[in-house]
Structures are given as structure tokens and as C-alpha cells.
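As C-alpha cells, here come the structures.
Both complexes shown next keep subunit A, but they swap its partner, so subunit B is in the first and subunit C is in the second.
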Partner chain A sequence: MGEINISILLASVIAGAAPILLATLGETVTEKSGIINLSLDGSIILSAMAGFVIALKTGSVVAGFLAGAMIGGLVAATVAFFSISLKQSQVAVGFVLTLMARDLAYFIGSPYSRVQGPQVGPSPIPFLEGIPYLGEIIFRHSIPVYLSLVMIGLVWWYLYRTPYGLRLRSVGEHPEASYARGINPKRVQMLYAVCGGLLVGLAGATFSLCIKPGWGQPQGAEGTGWIALALVIFGGWNPLRAALGAYLFAFLQVMSIYFQGWVPSVPAQVFQVAPFPLMILILVIISFAQKESILRWSEDRPIVRALLKTFTGTAPRALGRQQNT
Partner chain B sequence: MISQGARHVVLELQDIHRYFGTVQANRGIDLTVKPGRIHGILGENGAGKSTLMKILAGYLPMTRGRILLDGTEVRYASPNEASSLGIGMLYQDPMDFPMLSVIENFMIGQVSGVASAGETYRRKFSELVQEFDFTLRPDTPVHLLTIGERQQLEILRLLSIGARVLILDEPTTGISTTQKEILFSALKKLAAEGRSVILVSHKLEDVDALCDTVTVLQDGRVSGAMDQPFDSTTLLSMMFGAPPESSRHIHRPTSQTILRLDNVSAAGGRTGLSGCSIQVRRGEVVGLAGLEGSGQGVLLRVAAGLLRPRKGTIHLDNHNMTHQGYHAYRKAGAAFLPASRLEEGLIRGLTITEHCALQQQGRSFLVDWHEAHAGARKKIAGFQVMGSPGSVVESLSGGNQQRLLLAFLPERPRLLLLENPTRGLDLESVHWVWNHLDAYCEQGTSIVFSSSELDEILLAADRVLVFFEGRIIKDVLASRTNVMELGRALAGRV
Partner chain C sequence: MVMKQDKTDSRSTTKKRVFLEYVLEAVLAISLVLAFTTVVLLIAGAPPLQSYVHIFMGSLGSWIRFTHVIKAWIPLVLCSCGLLYTFRIGLWNIGVEGQVVMGAIFTTALMRMGTGTGYPSLVLLLSCLAGMTGGALWALGAGYLRTKGGVHEIFAGLGLNFVAQGMVLWLIFGPWKRAGIASMSGTETFERSLWLPTIETLRISPAGIGIALGALLITAWMLRYTNVGLRLKAVGNNAQAAYLFGLRPGKYMLIAMILAGSFAGLAGSMQVTGVYHRLIPAISSNYGYLSLLVVMLANFNVWITPLVALFFACLNVGSIQLPMVLQLDSSLSGVMQGTMVLAALAVHFIRSRLRAAYTGGT
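Moving on, here comes the complex of A and B:
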């Protein structure tokens, strides 16, 4: 009971964080372009249902993942369309959609509740899985978990190292100025809202086909979307920090299971809730690095500057704003 | 004329019209800008300068008219198309990305694709920076730059995308004298290379220092043009019809001290404030000069009770106010007018009537809308605000917002603390504001104000304090000094 196997613990953190991570990265991309997709939670549940049902019907988990991603992209496109083309509030549309998508998922999915269906098993990577400790922690997961790991680096690289990423960020900061420089902010926002939505959809399918296999009411993915939305903020709109947040959150969740065993006298709810205040504390510490004086000081120190750059972030200026271009 | 290389281009505007509803901002403007020259566009606020330039930059469509480049008519519908033709504009409010770095700002709009082009553009950028002796560094976040540095960045960017005609809209507003010199020498260099520079301004001194030729606009029409050497009386009469009087304002301060600061130090702004001791007498007007952020703003906020001093004491009317808060200062008769009108002064989203309602003294639970409406009407009429009681404040122009702020000052303050009270106003409004403020002095109010215009300080103030790096390095009667002397003090040479 008191024993912890570090390798197993870390491996379960990496696996358990996969869907939250995918959703957080997707929402980070979307918000970087200035659109808030508040429909995240409903979107995840709907795509979890769609992924499971399609995989069940076709017998192909790949088809299931594609269906999940498509649903995520579609819901995101709806939010973006209402905001960009119909000039409606992103917040209001997102809220309504999150409720609607969830109920739709329960309604359509009810015949498939607690049905045995396909799921993705682990696919250890040859040779690498043999590395002591590391192999067990990182290289014996299922493909969606590998994907979530790869996406962290990929999203960061795309946002901060490619000209396309620069355009995306410029739109989120100041759509009018980016328009003046020949960028079409509406198209960029639409594009990245959908891209983010695809990742959110994959997060849903990862739940129902991998992490918490099967469909039911509740599925067990409920609430993940809201956590992901919070993690985007905690992560300062930076994919690396957001990923760190997602892992931290998964770690605290896994630990709460251990703690329940160790200190049964403390109510289990305490451990379930603990991740949230802890996240806030960490946010406060990190925000010290954003002080202007510290930023100036770091200008001549490349290593410190690089570190700070990785761990600072503010909201895109035009986030959630209606643009007039 | 056959163009000599890609940089040289003759730009012609023919019969440009632009209407906003029933307002005719431009009505039939003709303008020819020759390569290698710095062409000034002069006119008071609302003369149609900005509209004309936005049309030229592709930011606004015109109602009617033609634009010709080297004799060929060109049509474009966006700033991007204009810049691909070589026409680039520096807007009054910088059109950049504050949270991104200098080099990122430089690259946006120039790069595309997935492959990083960072190194190429870093090299290009540092070459341009060296060419112009600017001090920009590629990795500084833009929000840490001064307005002047942001202009430098934008100029480099426009050059990098091949600007042949460079438009600058009021570029000297809010930048320091040093940066103004850097800017002017850069513009002269650009003109010497054969590019055309268009300088929009309402300041004669800028035009005088820089331009080869000037076109004056009034009421949306060209009211005159002139080549160097300029005659300011003629230019002023083209701008206003008749030259405005510019006599010194005289006040009669008494010997009674209203505000006394002893050895006050406080944090804030760029430099903070250190060891500042001043006395302001009843009915006196004190002008605070200095580069932006040298301590003037901190002093005003300390005297208004908005900032607590770290050291020293403050007396208002012989009461020790050192540890009191803003509301105590207000009660004691100090009124503060901030420079950022929409951030600290007025409340975005509320109408003029609602602002009046906020000021109602009564303790009744319901708002007296009738009174508020009447109050709004009275203020609009009394202060010549262009707007109606139902206008939300952000829909008013800068000058009208300033008039409105003045309208909301208490009727009989002991001490008025004004931060850049005439920023962005045209000459006529400046005179109007000071005539209005003079009336306060008549009834014994003391005024302390900051301004970036030395001329204004010399005209309006009885006494001038010059700030340098958070200290007062000069305290002199306005009648005993001149622009030259103050300018030297501004740069730290007493």
C-alpha cells in the first residue's frame, strides 16, 4: 500500500494527461489567434461519443479518431463562424454550444451506453522500450499518448519558429494591424479555430477509445474541457507551460489516489480538489517573472532571457474581441 | 520625368473627395509630391489631413478622385496594396504588436510559410539599424519601447518592404527632443536618397525644421502652398484665416502658499522623483517642462494624493497631507486632470449625461436624469463640445474629450494639477483652454501643469520648473527665460 513505483507513477501521469494535454494545446492555438472556444467541454464529450460509436460501427479505431477530430473541428468552426461572420459574442455562443453538444452526445449515444467496444492498446516502441526507466515511462504507451507528447513540441515550434505561427500570433494581438500588413485576420482565425478544434476532438476520442474506454452517461470526461480552458490561462498561452500544467494536474490527480490510500482519515474530496489551489499558487510564483524590471534586466543575459521567454506569457490582446477589418 | 531608379517616384493626387455621411472631410484636394523632397501637410485638427493620408495609404477608400504614380493611375483598396506600390504610412497610433518582439514586428507581413526566416531578417534588420544609427535591439518586446523607438522600427520595416513614399502622421507628438533629432536626420537621409517623405503636422516648428515645401489644408481644401523659406505669418493665415494672437498670459499670484513639497521622493514613471522641493502660491501658474517621464507626472500624482511619497512632506494650505489619500486631497481642493483621457479621466461606455449623473451630489437613491440631462446640455454649450448629451465619451474627438474633462473640474478648486492639458489639440483649442484656465486663476486657483511644448509653457506659465532624470534642475520665472535656455535645461545642461 505505501509503496510507490516511480516509473509506473510517471507513466500513468503521461498517459492520463494525454486528453487534457491535447485539448489544452488545441485551445492554446485557437486562443492565440484571438478566438475563445468555450464549447470545449461539450465538444470533448460529443467527440468522445462520436469516436466511440463510429469505431464500434466500423470496427476501426482510426475511423473513430477521425470522427472525433471532425466533430471537434465542426463545433469550433461554428463558434468561429458566429463570431467572425455573424459578429456574435464568442462567449455566449461557446456556452450554449457546450451545453448543447453535451446533451446531444447523451441523446445520440444512449443506445451505445456500456456496450463493449474497440479500444487502442499500447504499442511499445521497439528498442526504445528497453531503456531502463525511460522506456517504461515514455515508450510503452498507446499511439494517442505518443501523439500528445509530439504535439507539445510541434505546437510550440509552429507558433514560435515558423512564419505561419508569427502570422497567427499577430492576428491574436492586433487584427487591424495585421490586416494592414496584408494578412487576412478572418481567414487566419477561422483556420486556427478549426485546427484547435481538431485537437480538442482528438482529446474526446482519446478518452472514449483509450484512457477511459467505452461510452456511458456520464462518460468520465465531463469537466475536462473546463480544466483545459483554465490550463490555457495558467500556461500563459504558451504551449510548453500549458503542457507542464496539464502534467502537473494529472500528477496531482494520480497522487490523490495514492493519498486516499495512505491517509484514509482525510476525506477523499480534499485530494480531488487539491490540484486547483496548487495550480493557483504556482501561477502566482510564475507571474513574478513577468515584471517589467526583470524583463529589462534579462535582456543582456541570453540564458535567463530564454528561460523567462519560455515561462512567461500574457493573453493575446485581441482575445475574444470582435474585429472590424 | 523618367524615374532614376526604383526609389524615385512622382506622386499625384487629383481632386480627392471623401465624405463621411454628410461631413465632407476632403473636398477636391490636388497635391503633387516630388521625389527627394520632404513635403509638409499643415492644417489644424479637422482640416482633413489625416483623412487624406489614410486614403493615400489605402486605409480609407475615397469617395471620388485619382491617385497617379509617375503619371499612371493606380487603384488600391488596402494598406497592403499601397505598400506593395511603395506607399507606406506611420500612423499616429502605432499599428504594431506591443507584446511581440522588435524582430517579430519587423517580420510580420514580410514572411510566410513554415521555414524559419529569422536569420535572414535579423541580418537585414541590423544592417538597417546601423545605417540609421538607431538603437533598437531585435529581442526587446515592443511594449517596452518609447513611442519614438516604435516609430524607428516602423520606418525600418516600411523601408524593408520597399517604401518609396513615406507618410508620417504627427510623428513628433509624444517623443523626446533627442528622438525628434534622430527622426529628422533619418527623414532627411531618406529624402536625400530620392524617396518622398510626407510629414503631416500642426506644428510650424516641425515643418520649418524639416520640410522643403508645404501644402496647407483648411476645411478639407487646399488653402495654400509655400516653398522654403517659410513665412510663419502667411502659413498661419492659410491655416486659420487670420493669425491667432499669442500674447503671454498674465496672472497675479499672491504671497500665500497653497502647495508646499519638501524634499519629496517617490517611485513611478521612468525615473521616479527624487528630492523635490517646491512652493506654489495662490493664483500662480507653474509649468513643468522635461522629457516625457522625467518626473513631472509623478510630481502631479503625488500632489494629487494618487501616489504616496517615499520620503518628504506635502502641505496643502498649511495642512500636512503627507499620509492622506486621494479623497482627502480632493476635499482639500486639489483637482487632477490626467493625460490619458479615456484611461484615467473619463469612463468608456458612459454618455455625457451619465457622467453628469455620476457627479450629482445628492444622496437620493434614484438618479435625477432630468438634472443630469440639463447639466450635460449646459456643459456642452458652455465648453463648446461637439457632441450631444447621449454621446458615449469615446465617440468624441480628443479635443472634445479634453473640453469635457475641463467641464467636469470642480468649480472652485484651490489647486489644479493638469497633465498635458492640451495634448493633441489644435492651436485654437489650446487658446480656448488657456483662456478658460485663466478664469480659474482670476478667482485665486493655483495651476500646476506639465506640457511637452515649451512654447505653451512659456505662454501660459508664470514660473517654469525643468525636470531632468527625476530632479528639478531649473526653477525660473517664465518672463526671464526663453525656448533656447529651457531646451538646454531639458537636455540636462543648466
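Moving on, here comes the complex of A and C:
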């Protein structure tokens, strides 16, 4: 029976959440502008492969991260291009790309499977790392993990506190109205689909160069893209709540490692698939929290209402829609 | 009389033009695919022409290889038939993969019970029915999550896929493990009498092919000539109007899911009884996901579906040669199939644009 050291536990949650957090934030940005990038799962694997292989060939992890980000941006641009210019369903194109990007990663990456490659080590921040507890939890990570932390605030600030963010959200809510206000919705959607894709790509590279170093088939990142997509809904399209969801998920992941040690009689397969029924359950709760009958019932029960409120969030109104402006 | 003559004449010319357009579309799409995959092959440092030849010879080069193609074609057609119902009503039944797996699990369960009873044909029949039930139940789960739970069917189906896959692994390494060893090679192989009967000289199973063709005919008939088919379409085209007309969209969604799940479950039964003769971790061979691409590429048409399925089966079987001969990964087939769907979507758009310009409409 393993003992739990709280600061080590929290530190590993923050590190483990980094890639899924980056992907969730990226998808939140993309969906806020009205585009669903369903290709996340494949996109993450392909950029993980690209990041690892480029870093291996050039010997520079920075180049690896750039390559990963570029691949993520490219896949997202494909989804946006098919939707905006070719008027095709975002869900269809995204789904095809999910499968295709994964196969592409396996095909091109197979010679580099199980090869020892470069990885990002921790870079503690001087002075701050000395703070008791907090230093250990937050300030002794690698740079991608710091990036994920900074991105939470940055994405929120950009979306809700800058004029650009306002334009981005207006396009996601009502492209025709934004067009009338002199905004080019197509250009905005393309721009933010790519921006979100860059973050998704960084998530992939963070996997293969930092959190689960190396490349293989399977890489170990399979399925996280879908979790990230569900976390965007969990977050109610708000980056702060989405981040909270990512940390909760990472916490459960870390805890499942402990559980496995405590109850060896439960087969490992149960822990591997456990996140997915949990994902469904949470989506059911979110959907119920928005039902009118339940909202009415909760009206004179302040605690329930407050609880329900934390679960509600509305999707951008033009999400996934084909636009003709 | 003359008028009539004229009319039929112009109709046949437009028919000819439409056919020509289809051919042109296909040629354009295939060249786009070849261009892209050639670039991919060059990036991977592989000889493109040789790779294509190996894929072609690996699927159609000999009768034995072609029988492997047929073995892949059967589950692809079954899953695609099921998906035609769910697409008709506008559902994204990504859970089809898990429904295949569930069908395989139920089939295996029944065959384990039926081993040694002395009625192999009856056991085979019942296990196929069990497979259909398993698939249908799993689909119903996703359907209820959609209609009652408010969870989008993509997330519900996907989550259930992972659960089904976890269940297979648990069964193979747990309760159904082989005496002494539990390994990725799967459960104990069933006795020969419980294999789907095959013609030994031809190495194909007439029952499997019959089931696939039957599924196509039933699906075509259901969608075209029955009330259910019409109502699925009505709800799919405009759920609100259908509701005002007195149809309950939720009910028809569940019907579509049950039908889809049954066909997918049957595909799982075929994988167990006709191909592997046991339960293995990769029992679904990704055919569920692949059939989503098949139906999309066939543009949701029942009669084009088997042709696309045959083509995809050829790619899948042919690409197995790549790791053996050229030390490449066989996932190239997936890249080609995905590119093909995207290219078809792009070309389709261009064609509709050109037609709009030609007729002067928008």
C-alpha cells in the first residue's frame, strides 16, 4: 500500500494535465469561433510523431515543438478549409481526419518506434522553487508545463478582455451580424481554427517530448483527443472551467495508478477504459443540468441551483454551422 | 410522338452526361489520392510505384488473396448497411465499432456454451442471433444516451467503443483465458464443426457472402419501400416537421440504432465464426470505423456501398504486403482511404459549383 505525498501528487497532476490542457484550450478557441475540429485525437498523435521525429533528426526539442504545432495547425486548417471554402460538414471532415492523421502517424513514424530520443527535462524557476510546498508543486516543471499554466490565463484574457477576442466570440455566436459589423467571419474562423490547431499540435509534442517521451505504436496518447473534446463541453466553452476539467481528469488518472496498487484484483483494463464511461456520465449530468424541468425543480433549492449552475454553459450559437456570408 | 421522342432523347443524353461526370469525378479524386500518397511514400523514403504494385498484387494477385479480400468485404458490407439507417436519420453512429466488438463477445459466449452439444448448425445460428442482439443492445445504449441523456451520439458511441474494447481484453485475460496461458493471441480456438462452413476448394464461405448480399437487399428494400425507411428519412431531413406530423424522432432514432447495431453485431459474429474462430483483442479489425468511410465515399447510396467496400477491402488486404516486403507499416491503407473520402468531398463540391455555373443558378 503506497503512501501519498500530497505535493508530489499535485505536482504530477499539473504535469500530467499539461498536454490535455493545451489541447482543450486550443479546441475551446476553435469552437468559440464556430468551428468544430473533431480531428483532435488523430491530430495529437500525428503531431506527437512529427515532434518526436523532427526533434530526433535535428537534435533540437524546440524544432520538435515547432513541427508539432505546425502539424496541428495544418490539420485544423484542413477542417476549416473544407468547411469554409468547400461547404462540407465539419463533423465528417474532422472524423475522416481523425482516422487518417493517426494512420499517417503510424505509417511515417514506424521506423522511429521505440527509438531513444531527446526529451525536455525539468527547469526549476530560481527563487520560486524554494517556496515550501508551492515551489515543489508548481515551479519545478519543464517548460511545456509552464506554458500550459500560462496559456489558461492568456486564452481567457484574450477571449474576454481584448477586442480581438470579442470579434472571435461574435463570429461564433452570429456570423451574419459580425459580417454586418465589418468583420470577415470566414477569415476570423480560419485564423482561430489554425490558432487552436497550433495549441493542439503543441499538446501532441508535449506528449512525445515530455510527458510520455518517445514514439511507438500505440504511443499512449490515443483517446486523449476525445477526452479533450468532451472537456470543452464540460468547461461550457469557458477556458477557466475547461482547465479545471483537465486538472480533474489528470487527478483521476494519477489516482487510478494508486488504486491499481491498492486493489490488484481489479484488472488493469478496467482502469484503462474508466475515463470513458466517466466522460459519458459527466456529459449526461451536464445535459440534465440544462433541462427545463430540472431547472424549475431547483428554483427553491439554492444549493442545488448553485451546483447546477456550475454545470451549465452554452455552446457558441453558430458552432458547426455552415455559413454563407 | 415527336415531342416524346425528343424528351427521351434529351433524357438519355443527360444520363450519359451524368455518368461521364461521375467517371470524371472518380478519375480526378483518384489522381488527387495518388498524388498525396505518393508524397507520403516519398517522405517515408519508400518506392511509390513498387508499393502500389504490392498493394494491387497483394489483394488481387491470386485467388487465395482474393478470398482474404472477401473475408474483409463481408463485415464491411454488414456494418455499412447498418450505418445507412443511422445516416438516413442523421445520426453519427461512431459506436458501430463497439457494436461489432459486442456482437463478437455475445457470439463467443454462446459458442462457448454450445461447444460439445452436438448440434453445430443450431449453435452457429443461435450465436449469430446472439451477436445481433449484442450489437443491438450496445447501439441501444448509445441511442438512449442520445435521446434520453442528451449526450451527442459521437461521444456516447465512442465511450462505449472503449468500454467494449476493455471488456474484450478483460475477458481474454480473465474469465475466458486459455488454460495455463493468457495472451494477446486470444481465447481457445473453437472446434472445427463450429466454424462457418466454407467450400474447401474455393476457400470461401457461401453463407457469409449470402448474409452480406442479403443485408444489402434488405437494407435497400427497407429504405426504399417501407414505412420505416420513409420515416427515418423524414426525421433525418427535418426532425421538427416530422414531430409536427406525428412522428416521434426519438423513437425512430432508437429504431435506426437497433437496426445498425444488429448488422454491426452480425459483422462481429462473422469475424468470430468465419475468420478467427476465437475471440482476439483486435476482433473488430477497425472495420466499424472503416465502414463509416465506406458509406461516406459511397455518398450514402446502397448500391455503390458494396463496390466501395470491395475496394477498401482490397486496400486493407493488399497493404499487409507492405510490412512483409518493404518493411513499411500497413497503415498506408488507412491514409489512402481517408484521403479518398476527402478528395471525393472536394471534387463533389467542385462539380456542384461547375453545374451551378453551367445552369446559371447559384
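As a convention for this text, the second predicted complex is superposed on the first by the 276 of 325 C-alpha atoms of A that agree within 3 Å, B and C clash if a C-alpha of one lies under 4 Å from a C-alpha of the other, contacts with A are read in each partner's own complex, and residues count from 1 in each chain.
Here is the rule we go by: a contact is a pair of C-beta atoms (placed from the backbone, for glycine too) under 8 Å apart; a residue touches a chain by one contact, two chains touch by 3 or more.
None of these values were measured; they are calculated from a predicted model.
Enquirer: Mind working out whether A:Arg181 is in touch with subunit B, subunit C, both or neither, as first, second, both or neither?
Expert: A:Arg181: touches subunit B, not subunit C.
Enquirer: For A:Gln322, using the defined touch cut-off, is the partner it touches subunit B, subunit C, both, or neither? Pick first, second, both or neither.
Expert: A:Gln322 sits against neither subunit B nor subunit C.
Enquirer: Contact-wise, after the overlay, does A:Asn5 reach subunit B, subunit C, both or neither (first, second, both, neither)?
Expert: Touch partners of A:Asn5: none, neither subunit B nor subunit C.
Enquirer: State whether A:Thr314 touches subunit B only (first), subunit C only (second), both chains, or neither.
Expert: The answer is first: A:Thr314 touches subunit B but not subunit C.
Enquirer: Using the touch definition from the top, say if A:Pro277 reaches subunit B (first), subunit C (second), both or neither.
Expert: In the superposed model, A:Pro277 contacts subunit C only, not subunit B.
Enquirer: If you stack the two complexes on chain A, which partner ends up touching A:Val93: first (subunit B), second (subunit C), both, or neither?
Expert: Once the two structures are laid over each other on A, A:Val93 reaches subunit C alone.
Enquirer: May I ask you to name which of subunit B and subunit C touches more residues of subunit A?
Expert: If we count touched residues of subunit A for both partners, the winner is C.
Enquirer: Quick one: in the complex, what on subunit A touches subunit C?
Expert: Counting only subunit A, the residues touching subunit C are 38, 78, 82, 86-88, 91-93, 95-97, 99-100, 102-104, 106-108, 110-111, 217, 223, 226, 229-230, 233, 267, 269-270, 272-273, 276-277, 279-280, 283-284, 287-288, 290-291.
Enquirer: Which residues of subunit B touch subunit A in their complex?
Expert: 59, 78-80, 83-84, 95-100, 104, 107-109, 111-118, 137, 139-141, 144
Enquirer: Name, in rising order, each residue of subunit A that touches subunit B in their complex.
Expert: Of all residues in subunit A, those touching subunit B are 158, 161-164, 166-167, 169-170, 173-174, 176-183, 292, 295-296, 299, 305, 314, 316-317.
Enquirer: For subunit C, which residues count as touching subunit A in their complex?
Expert: My answer: residues 40, 43-44, 92, 94, 145, 149-152, 154-156, 158-160, 162-163, 165-167, 169-170, 173-174, 289-290, 292-293, 296, 328-329, 331-335, 337-339, 341-342, 345-346, 349.
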